[in-house]
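In the two complexes below, subunit A is the common chain; its partner is subunit B in one and subunit C in the other.
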Partner chain A sequence: MTASARVLVVAAAFALLPVLIKSDFILTILVFSFLLGMLAVSFNLIFGFTGQLSMFHAAAFGIAAYATHLAMVHLGVSFWTGMLLAATLVAVLSLIVGIICFRFRLKEFYFAVVTLAFSEMARLVVLNWNSVTNGTLGIILQDKPSLWLPGQGVVKVDSTLMWYFISLAALVLTVLVCLRVISSWMGRSFAAIRLNDELGDTLGINVFRYKLAAFAAGNLIAAFTGSLYAFFLGSIEPGFLSIEQSLAIVAMVLLGGRGAVAAPVIGALVLTSLPHLIHFGAEVRSIVYGSILILTILLMPQGIYGTLSNLGRRRRAA
Partner chain B sequence: MGRSPTWDGAVVLLEVTGLTKRFGGLTAVADLSFSIAKGEIVGVFGPNGSGKTTLLSLIAGVIGPTSGTIVWKSRQIQGEKPHDIAAAGIVKTFQNPQLFSELSAFEHLMIASHLMLKRRLGWHRIATLLNPDAGRAGPDLERRAGEVIQLCRLDAARDQLAVGLSYGEEKMLGVAMALMCEPELLLLDEPASGLGQAEIESLESVLRDLRDHGTTLCVIDHKVGFLGRLADRAISLHHGAKIAEGTPANVLRDPNVIRAYLGQHHDRV
Partner chain C sequence: MGQLILGQLLNGAIVGTLYGIIALGVTLTFGITGIVNFALGAFMMLGAYMAWFLTDEAGLAYPLAVPCAVAITALAGLLADQTLFRFTRNNLVNGLLVSIGLIAVMEGGALLLWTSTPKNMEYVLPGVFTFFGLVVPKMKLVVFLVLLGVILATYAALTRTWIGRAAYAYSQNPEAAELMGVRTKVMQSGVVVYSTGLAGLGGALYASLYSIDPTMGSVYILKAVESAILAGIGSVMGSLFGGVLLGITEGVGSIYLPIAFRDAYGLIFLVAILLFKPAGLFAGRR
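On to the complex of A and B.
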C-alpha cells in the first residue's frame, strides 16, 4: 500500500470517529490536534526534510491569523478570501526573510537565530500596534467562516463537528501534498540540501532556490493553519507568534519523528491531548508534562513514529 | 602564455587564460593557461600544494578566481555558481568522497538526475508534482541510473547505504553521480588516491569507457603511472604554474617536472 493510500485509510477511520465519540470535549482536542498537526507537518518540510531550523514558523502562523481578521474587517471580504490574502502576505514576507537568510548563506544556529529575530520583530509589532491588533489583549473573533454544503446551502461553521471535518480535511490535504513533494524531484533536492548542500550544488541543484521554495511552502501552509486555528479558537493574541509557540512546533516534530511526512501529527496529538489527560495541579502538571517530553526525546531520538517503525521492521526481520 | 596545443582539428571546449588564484599572500594558481579539446583525457599532475585541486575548484565554480578567464564553449564562466556551471556541462568530483550518508547508492543517482530531468522537461517538471507520470521522465531516469551503476561496476552496492560502502565504491559512486549529470567535461579530483591496484585498474577501464562514449575528462592525481597510462595529454603544475605540457611520456621526462617532484639535486632519474 502506498503512503498516500495509508494516509487516506487513517483519514477515513478518523472521519468515522464522530459516529462513536459524541463528546464535544474530545472532538475539540482532536480539532486542535489536527490543526497543530498541520502546522507541525508544514514545519517538518523546512526542518526535517530540508534541514533548516526555522524559528519563523510561529510568526507565519500568527501573522496569517491577524491578517485574515483584518482583511475581513477592513476589506469586507469573506473568511476564505481573507485567508487567501493572509497567505499571500505570509508568502511575500517568507520570500523576503528567506532571500535575506539564504543570500547570506545562513545555516543551522545562525539561521535559527536570524529567523527568530524576524519572528520577534513581528511579535513586537503585533504587541505594540494597539490601534490595529489591540495589543496584549488580543482580539475576540465573533465571525465564523461560511461554507456551502450540498442540500443545505451556505451555512456558518459554528459546530465542533463541522470544524472537525474541516480540520481533518485540511490536515489530510497537507499530508498528501507534502508526500507528493517529498517523493518528487523537489523532495530529492531538499534531501540533497539537508545531507550535503555543497555536493548538491556541484550536481546542478540550485541550493538557494530550493531552500527558499521549502521555506516559503512551509510558511504558506502555516499561514492557512493560522487562519483556521484562530477562527476555531475564536480569538487571536500575540502569543500566537511567541518563542514558546515556535518551540512547541519543534517539540511536536521531534516527538512524532521527522523522518516521515505524517509523523509530526503523532507529536501534535500527544502534546495537545497530554495536558488534558494529566490531572494534577498546574505546577506539578508542567513538571510531569515536561519530563515526559524530555524522556521521550532522549529515549526515542527518532521520535515515536521512527521508534515504532524500527520495532516493526525488526519484528518482521526476526 | 600562448594557446595550448590540442588534438589536431579538435573542437576546443575549455580555454583557460591567465588564471590566477591568491589566498592572502599565497598564490595557489599562477597565470595558468591551457585548453581542453572535445573527447580528450587531460591529466594534470604535480606535487602536493601545486594547485591542482584549486584549479578544478576554479573551473567548477566552487571558488572564484583572483584574475584570468575561463571560457567554456565561447562563454566566460569564471565566478559563476557551481550549479550553473554543472548545468552548462562541467561537473566535478571530490578528492574526499562527498556523499549523502543516509541514502543508498541508487538514491544518490536519483538525486544526481536533477539536471537530466531539468533538461528533459524544463519548467514542465512542475507538472510532475501533480501527476508523477507527466512527461514520463521517471522511468527514463531510473533506467539511466541503472546503466550508470553497471558502467561504474556498482551493481553490488546499488541498494547499500553510503555509510556501508568501501572507499573504492565511495569514489566510484562520486563518478557515477557526476555521470548522471550528463557532463560534457568531467573534472576528477584525485580519483585513484587511496585505491588498491585492482580498483585503479577498474577505474581506468571505467574512465576509458566514458571517453569512448564521448565524455571529455580532466583528471588530476599524484599517481603519475595512472595518469601516464590514462591521459592523452598531460599538464604539470608546480607552485600553481604550468611547468610542462605535452604527451604524458614527454612531460614525465621533462627536467623541470623531475626537479619539481624530486628536488634540485635529482636531475637524473
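On to the complex of A and C.
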C-alpha cells in the first residue's frame, strides 16, 4: 500500500470516529490536535526534510491569524478571502526572511538565531501596536467562517463537528501535498540539502532555491493553519508568535518523528491531549512537557513513529 | 540631556556585565562541547533564588550566601551534565532541545516551589555614590566590579595557565589534545559546570538589585546569546564587550526610540552583524 493510500485509510477511520464519539470535549481536543498536527507537518518540511531549524514558524502562524481578522474587519472580506490574503502576506514575508537568510548562507545555529530574531521582531510589533492588535489582551473573534454545504446552503461553521471535518480535511490535504512534494524531485533535492548542502551544490542542485522553496511552503501551510486555529479558538493573542509556540512545534515533530511526513501528527495528538486527559497544574505541565522533550531526544531520537517502525521491521526480519 | 545619556551609558554597562557573564558561559560551552546551553538562563534563575533563600529565609550573610548559591548552582550543573549534556556533545540541535526541555523542567519546578509572585530581597548595601551629579547605587557598582573581576580572571586563566593552553589545544584538535594528555572528558564536564556556576553568580548578584521570578532567565539567555554572537562566539573578552555593547545600545536606544521596542534594538543589531560580519565584531581575537 502506498503512503498516500495509508493516509487515506487512517483519515477515513477518523472521519467515522464522530459516529462513536459524541463527546464535544474529545472532539475539541481532536480538532486542536489536527490543526497543530498540520502545523507540525508543515514545520517538518523545513526541519526534518530540508534540515533547517527555523524559528519563524510561530510567526507565520500568528501573523496569518492576525492578518485574517484584520482583513475581515478592515476590508470587509469573508473568512476564506481573508485567509488567502493572510497567506499571501506570510508568503511574501517568508520570501523576504528566507532570501536574507539563504543569500547570506546562514546555517544551523545561525539560521535558527536569525529566524528567531525576525520572529521576535514580529511579536514585538504585534505586542506594541495597540491600536491595531489590542496589545497583550489580544482580540476576541466572534465571527465564524461560513461554508456552502449541499442541501443546506450557506451555513456558519460553529459546531465542533463541522470544525472536526474541516480540520481533518485540511490536515489530510496537507499530508497528501507534503507526501507528493517529498516523493518528487523536489523532495530529493531537499534530502540532498539536509545531508550535505555543499555536496548538493556541486551536483548542480540550486541550494538557495530549494531551501527557499521549503521555507516558503512550510510557512504558507503554517499561515493557513493560523487562520483556522484562531477562528476555531475564537481569540488571538501575541503568544501565538512566541518562542514557546515555535518550540512546542519542534517538540511535536521530535516526539512524533521527523522521518515520515505524517509522523509529527502523532506528536501533536500526544502533546495536545495529554494535558487535558490528565489534569495537571500549569507548573507540573511544564515539567512533564520538558521531561518528554528530554527523554524523547535521549532515548527515542527517531520519535514514536521511527521507534515503532524499527520494532516492526526487526520483528519481520526475525 | 547629557546627564541622561551618561546615566544610561553607565546603567547599560552594568546590565551589560550581567549579559556578559552569561555570554561567557555560552561561549565557553560552545567552544568546548559544541552545544549552545540555553538552560544557562534557568541556572541564573536558580542562583538568584538560592541567594534570596539563603539570605532572607535562612538568615545567612549575603557575602556568604553568594558563594553558597554559586556552589549549589554548579552542583546542579554537574548533575545536568552527567545525566543530560554528556549525551549531546557536539550535537547542536539535540543539545539545544535538551537544554530547552531542561528550562521547562527548572522553571516548572521553581513555579511549584516559589510561585510566580516575584521575590524582592532586602537591601544588602543601601546608599549611593555620587560622581559629578550622577547617582549610582553602591550595590550596582559592587556587582559591576565583581562580574568584571570574574570575567578578567577567566581571561587570565585562559591566557596564562595550562588550563587555557589545554582548552585552546582542545578547540583546535580534540584528538591531538587527548593524545597530549589533555583529559577531554573532564574538560567538557568542567566547562559545563563552570558556565553554570558563572550563571549562578550572575543570578545571585542580580537578586540583590532587582526582583526575581521563575521566568527571569529567558530574557537573559537571549541577551547573552546575542552578546556572544555580537562579539564572535568563542571570544572571552568579546563576551564582555558584546554584553556591554548590547546593554548600552538598549539603554541609549531607549532614550531616542520608543521604549516598547527596547528588546528589538539588540535583535536588529544582531541580524546585521550576522549578515555582514558573521564572525563577530572582534573576529580573530581571543
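Methods note: the second predicted complex is superposed on the first by the 308 of 318 C-alpha atoms of A that agree within 3 Å, B and C clash if a C-alpha of one lies under 4 Å from a C-alpha of the other, contacts with A are read in each partner's own complex, and residues count from 1 in each chain.
The working rule: a residue touches a chain if its C-beta (ideal position, glycine included) is under 8 Å from a C-beta of that chain, and two chains touch if they have at least 3 such contacts.
Quantities reported herein were computed from a predicted structural model and do not represent experimental measurements.
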Item checked: Touching partner for A:204 - first (subunit B), second (subunit C), both, neither -> first
Margin query: In the overlaid three-chain picture, which partner chain does A:284 touch, first (subunit B) or second (subunit C), both, or neither?
Written below: second
Notebook entry, point to check: Is it subunit B or subunit C that touches the larger share of residues in subunit A?
Noted result: C
Note to self: Which partner chains sit in contact with A:117 here, subunit B, subunit C, both or neither? Use first/second/both/neither.
What the structure shows: second
Next item on the list: Would you please give the residues of subunit A that touch subunit B in one complex and also touch subunit C in the other complex?
Entry: none
Margin query: Which stretch or stretches of subunit A touch subunit B in the complex?
Written below: 180-181, 183-186, 188-189, 191-192, 195-196, 198-207
Next item on the list: In the complex, go through subunit A and note every residue touching subunit C.
Entry: 53, 100, 104, 106, 108-110, 112-114, 117-118, 120-121, 124, 127-128, 243, 247, 250-251, 254, 281-287, 289-294, 297-298, 301
Notebook entry, point to check: How about subunit C: which of its residues touch subunit A in the complex?
Noted result: 36, 84, 87-88, 92-94, 96-98, 100-109, 111-112, 218, 222, 225, 229, 258, 260-261, 263-264, 267-268, 270-271, 274-275, 278
Check: For subunit B, which residues count as touching subunit A in their complex?
Finding: 60, 62, 81-83, 86-87, 91-92, 94, 98-103, 107, 110-115, 117-118, 125, 128-130, 132, 177-178, 180-181
